[in-house]
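The first chain written gets the first letter, and so on, giving A, B, C and D; residue counts start at 1 in each chain.
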């Protein structure tokens, strides 16, 4: 079998370098180009790239994507900053290249994505749900983006199932702790030296609790999701938002 | 809206009595008959029963089901002991009553069913998976039936994804602890005074772990699943095995 | 061996009734009197009571204790509302009866007391510590009294060890979640249907985390602490505040 | 304040190199010598070493210790292989140098030591106790040494408190899982890709459970224990076995 020809843009960045290593280590993938600031994108075409991995930044990613789509190169994108206008522009380019696929994902951690999807699927069966996220103490924002997104998905699922507000008799809670109520879902934020990135979703009903927890110990945990995206993006034309759509969760 | 007319067979048993209470407490359901040993099944017809809940025992359940199906009554069954032959017999009766639905479920705990389904869906993304089940010390068998069933589902999912055997460098493990390897999946069985029924599925890959845990504190935790089955069984003709098919997990 | 003669005051209350059952079930203890509203305390003397268990209320407990101490009866007290003035009064009565012991404890859960003691002992070795308490959604106050007390003990231990403030880079946390910062220790309060009373103390430092968790599933979990107090109070003259002093934790 | 003069023997090994970094980073400590294979121990004296850290191997550690003790240098030792005969020899050398202190510790993880000590202290209050240890799948032995040691300490505490055998109604457990019963305490061994070294001790009694869990994410987690030993060993003359004796756990 011929190896899939893969290039990485932003190859010298922290995530890009990790992606280069992961592509090189993966069966059936060949790393044919590494592009970073100052390199010409034409190198991608010269190398016969079939799939690009983009871990760059919002200032350059649109140019990268326009070049790739117009040249028939599929793309797996971990860069952030996609507004609705930007997504429309990408859809426009893709309309002219109907065989090209682009995957944009805010989170390539398969475990984190599974946690969010499972929490959303379980939510309509439970009277109560709260989220506890735990991170290293150098994190500046609380709650985490993953926790906010989980809460939004859970809240959507509860609304779709016409669930009432959660039971909560609290009348005396004068101070507040780190965290937030996101779309009605309490999210608690723990910051502890020694931790990396962890989250648990607690779902409770009479006599039982379901807990879905994800522990991320290391940045390498994002690479299986990137590789999965690289393998699959060529067979899913058009724009896909979120790794969950590639996981065949049914 | 007219209430759904529900009867319980085995109404004086532990689970049956709980089911009677749950039906009475549920919106839109009416408990129209309670049948136990020595009572004639004709009472079900006389009461205009639309759905029966059966928590009896293997010695009588087939008679109950034949009666219900022939009289056009849907059934939700928590009794055990269904062999392939028995299931074929039930399918035969249902073939003559194409509008009747029968749900047979080994476990009505929605949380436990979700745990099993999520574990099976996640399994193909993880190099390693092990199960820890924890129960009160009066339990006579190890591992638990739920843990065995979870392991079977996980092993099926791994096989379907062509995953290799799990990594395990253990060479020195002379003694063994409570539990078993079920279809290649290690299952550890903890027995502790104070516990009821708990299980966690641990899925590990480079740099991350996904944990799905279910805690059952009380027998009442099975009733939402029974009620969900009662509400839905009339719209799913034929034989359904397992509550998961009623949960729309996609 | 002669059985220890025990009486319960507040015998018809929820906790008192549980205490009566626990005393009757315990080896070497005899329940010789049950006193409730309207009963004369003299019955305690007539029954030859050696130890009283008091689960009453702040309005009557001082009278009960004065009577017991003056009559040479040891006391194990789970009632609340003891101000410094009240404690001084009790010490005064005890000074005249130097062989009598009184144990007043805000929490008879041995596990909860161990959790608090262990957390306080571990605190000086860890850069970070936070508390997550989880309760049923009918609880009106947040954080729980046990969590507040744990935080106070942990904060005292950190101060005694001259630890600096915990690391926390959070700059963006606009909303807040249920809970509080108690003496500088973040306490997160989760409320979930299905839970009873649970708490975990998370201690983190470079590359590691120590977690001490207590799950209380049932009110019976307080009785071993009451029985332990009953057995020991006669050999510890004077006033003891807190079950931890009877646990020989070293 | 003059800095404490510290040397590391085995300075090029994995743990020794980590110890060098930790000593250099610690307030009030100065790394004055690094000794490895082929280097003369006299360098320790020449450098004015007050405390040695030894992470070498059983073949050379006795020579190192004899040299240090005879030269009045205190020692913190993480090397293994100390038989009763070896310990007696060390005690003999120390008898002639009554001001020198030697600490030999099988585990410098403060969190792991706290977990073991707390488990032993809690054990006598609980009817049931089991241990679950979780490690990466490259580990060759099961259960882990830390889990075995925890089980031994727990079993000693149960014996000292005259506790009966734990309740266990298991009659059907034909297969066994990874792990062992150590001195009557069930120890379950989980092996999962992505994990490092983790353990939890579960203590159960009527209506409650106490869990003490330690997660070690990184080898750096051993260094605070080494530094604590270095700071304290000079003030504890004679031989000390186990870091717990330096933790003032009371």
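A few points about this structure:
Everything below uses one rule, namely that a contact is a pair of C-beta atoms (placed from the backbone, for glycine too) under 8 Å apart; a residue touches a chain by one contact, two chains touch by 3 or more.
Chain by chain, the UniProt names read as follows: A, B, C, D = 4-hydroxy-tetrahydrodipicolinate reductase.
Being a predicted model, the structure only gives us computed values, none of them experimental.
Placing every chain at the mean of its C-alpha atoms, the farthest one from chain A is found to be C. Centre to centre, using the average C-alpha position, chain C and chain D are separated by 34 Å.
Centre to centre, using the average C-alpha position, chain A and chain D are separated by 41 Å.
Annotation: 46 Å between the Cα-based centres of chain A and chain C. In chain D, the residues touching two or more other chains are 194, 203, 205-209, 217, 221. In terms of which chains touch, the assembly is arranged so that all chains touch all other chains.
By the touch rule above, chain A contacts chain B in their complex via residues 109-111, 114-115, 118, 121-122, 125, 200, 203, 205-221, 223-224, 247, 249-250. On chain B, the positions that touch chain D within their shared complex are 126-130, 132, 134, 137-142, 166-181, 186-195, 202-209.
Against chain D, in their complex, chain A makes its touches with residues 194, 196, 217, 221.
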